[in-house]
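One chain, chain A, links the two complexes that follow: it is found with chain B in the first and with chain C in the second.
Up next is the complex of A and B:
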């Protein structure tokens, strides 16, 4: 029983890592840039939701605050690309990466200025409730995280394989020049991908904040999600989620059964192992070159 | 070259076009015309600027000077997607398909700028009728297709935008003579049956001039010669430099495929 709860809480953490990793991969696949502020986007999404729904702020109904926060973060992602990154088109990847790192600092500073650096909890209507089945007692927040992530995964799959704009995103990431030739407005598609990854970050942030207090430095766990994305292959959406789940599961297991401190380095140890034995990541799409 | 200005049947008119890659001037004042229903070929050796010319027309590059007009409207400063909507599609050199998508998905992406679902479905059938092999391979990942099949896919995908004018960049690149022949037959049929005007860039001057009505020869970013395809095919310069036929070899009546290879 205890073991099952351990697994569930690992899965729930893993889902959050996976969703942040998904944000990394979305942007990387589409624009070949790595957004090191993805973790901070996640944190900001959580704080935006806190701002909408907590009583000391706007006090809106939780179920209204959630879609609002997702929309706000989507718009922020879109505008970040449209207003800033778009004008750096053709610059080296390094300068774009440094820009996103700077962006992370700014987001952390702003979040601290608006919502303070104290740990804050998201007020959720189902706080502390439990799901009981058989002898099992599971936190509803953790169950919800897993369910929402599974649902989101399905939604992403349908979006990318069925919708016009989803297919255009795929096309632009596989061959940008050809996408231009087909009349796909590539720059707008890039902005939309940034919007989508902002929305994903908001969901990850809200889920994360639904099971504990957060503060502006929470975004730094984006580094773990980065490792998750690399474990999964950095170009693969299912890989990102899988990488997140692996890290999420290994952490609690390592801290329970391993020597002290090992759970902190476990994600990176796994990353190293994966990179040594499968350099392209678990889901690498490119065939490995012989020699 | 005729000196008349825009007549109703001119689909594409280019005047004094100049395009740069940074400081490198790749197109040095090109002017040309493509009439409705024609197949016009642009010949030239490696680095002559043929691809750059097509990129400038399709809007993925902006020219520094000069104009590109489609049916009387200047399009040189439009975005690439607006130009596709106007009816110009670029089938790029080296195929450039979407490798991880299936053949059917690639073809669907060709119709990205269109909304009319029934017409798109009808055009898919039309495209598959011209390229039956693509119908058989509908669910195959495009990146795993052979070079010739990818070339057919690139043309088929381009057709799906229902272009008035198709810019074809070296469709014969890397194909066997037999497959080249086959693809050029389809290009001519598309021109006749679907009324697609073609601007065809080639190094394989023989097949290009066979298919074309009119031709331009490019060297170092300039047009150095232009005439009807028959006149060009008969011209000594073209025979020597682009058909790889030198006089004495011609007398022996042998095919000079080896020499052709040197300028390819």
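Up next is the complex of A and C:
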């Protein structure tokens, strides 16, 4: 029973990592930019929602605040690409990596300046409620996380396979020039992908903040999400989720059954092992150019 | 306007392009040699310590510059190699080795260890390498705690003084000697680095940076060249770490953290990626920002009675400067200076796109 309980709470954590990784992979797949600030986007999304909901700030209704903060984060993602990243189009990946790392620092600072560095948690209407079934005790927030993640995955799957804009995004990610020739506005598609990823980050942030307290340095959690994305294979949406779940599950199990200190090391050790033995990740999608 | 006539093949790879350049660098050497005189005159060596710190950062920056700026491999884990160098130096000195042997040895062992760790991830490139080194950097602090018998763990370890043939050197009691020591190491490094770039090995690094595919087509053994670059870079970083330890006096598991790795990377980008000068310019910027912020704070609080006390302001300001550089001057401070100089050297003939790099848009262009 103890084991099952651990697995379930690990699952909920893993879903949050998976969602951050999802936003990260979305961007990588479509624009080949690596957003090292995705964790900070998640943190910002959580704080925007806190700013709307909590009584010491605006005190809006929770169900109104959630879509509002998702929209705000979507707009921020769109503007981020439109204002900054679009000008980097065609430059080396390294400079984009460095740029997004720097943006992460700035976001962390701004969040700290606006909402303070104290750990804050989101005031949710269903806090403390539990779901009991057969001796298992689950917080409703954990159940919600798993349900929302499953729903979002399905929605993304349908979006990319059924809608015109989703197909356009896939085309732009496969070959930018050919997509241009087919009349796809690649730049706008890129901005839309950034918006979408901002929204995903907001969802992840809201879920995370409803589960526990959040402070600006929580954005560093993004690093675990990168590990998740790399374990699953960059550029693979199911891979990102799977990687997130693996990390989420390994952490509580390692801290319960392993020697002390292992639970912090475990995710990165797995990452290094995956990178060494299967460099493309579990769902490998890398191509090689032969000389 | 200056015309440089090349009259021999060696002119292409000579250390100085023309005599004026040699004279300028000679003057610079004199200036850095004479700097301590000023502090002797004012009788306060505090700022000299800051300058020494900048020089150590510049050595670490050169290490990363070789890997990222000249071989094109991004590393987010150079603080790890610095930690290797620092702790090895402490232990070798503790084992009774003289500093003149312990110091280079700690760099070499750090380089060998770094290469051993890096070999499996060297097959990766770009983002994956960045991620692997990032993971390495995060794990460093944990491993320092685990390896407590050698590192002192969380409690930390004191760094012994330097002793060269009976001359005791300590950062606080003999700041001038320490400055000259660090300066000597820095100059040796620059000399080595400059010569490396003139050899086939150094040229192969640059070829890999510009295009792995064409480098392979020209018969460069990619893995070998990358491993060599990693070894040289990790060795230099190890030496910088050992000096950093001497400068800090006391190191704990939080000394060589992720922030340090990232700072190094941001530093060389601000200075100018792909130029040795860039490491020094970047180190100066990194050294000056905290001082400037502290001065700005006291100025605001004394004249306007405004107290700004926001944690993280330093790194945010630093990051903001970096974003501006990447957007508006991707070649960094040294690149800006190069452009200004070229403008005057070619006076009426400078064109706007002279330093423009070719962009790549297609995914197929980037698959390597």
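Some observations on this one:
Note that the second predicted complex is superposed on the first by the 285 of 291 C-alpha atoms of A that agree within 3 Å, B and C clash if a C-alpha of one lies under 4 Å from a C-alpha of the other, contacts with A are read in each partner's own complex, and residues count from 1 in each chain.
As a working rule, a residue touches a chain if its C-beta (ideal position, glycine included) is under 8 Å from a C-beta of that chain, and two chains touch if they have at least 3 such contacts.
Model, not experiment: these values are computed from the prediction.
Of the two partner chains placed around the shared chain by superposition, neither chain B nor chain C is touched by A:250.
Within the superposed three-chain model, A:34 lies in touch with chain C and out of touch with chain B [touch as defined at top]. By the touch criterion defined above, A:113 reaches chain C but does not reach chain B. With both structures placed on the common chain, the touch criterion links A:174 to chain B and to chain C. In the superposed pair of complexes, A:89 makes contact with chain C only, with no contact to chain B. When the two complexes are overlaid on their common chain A, residue A:101 makes contact with chain C while staying clear of chain B.
Of the two partner chains placed around the shared chain by superposition, neither chain B nor chain C is touched by A:204. Touch counts on chain A: comparing chain C and chain B, the chain ahead is C.
Touch criterion met: A:183 reaches chain B, while chain C stays clear of it. In the superposition on chain A, chain A positions 174-175, 177 are in contact with chain B in one complex as well as with chain C in the other. Of all residues in chain B, only 58-60, 79-81, 83-85, 89-92, 96-101, 105, 108-110, 112-113, 157-158, 161 touch chain A in the complex they form.
Only residues 164, 167-168, 170-171, 174-175, 177-185, 285 of chain A touch chain B when the two sit together in their complex. If you check the complex, the residues on chain A that touch chain C are 28, 32, 34, 84, 87-95, 97-99, 101-106, 108-110, 112-113, 117, 173-177, 216, 223, 226-227, 230, 234, 261, 264-265, 268-269, 271-272, 275-276, 279, 287-289, 291. Residue ranges of chain C in contact with chain A, taken from their complex: 68, 72, 74, 120-121, 123-124, 126-128, 130-132, 134-136, 138-139, 142, 145-146, 213, 216-217, 262, 265-266, 269, 273, 310-313, 315-316, 318-320, 322-323, 326-327, 330, 359-364, 366-368.
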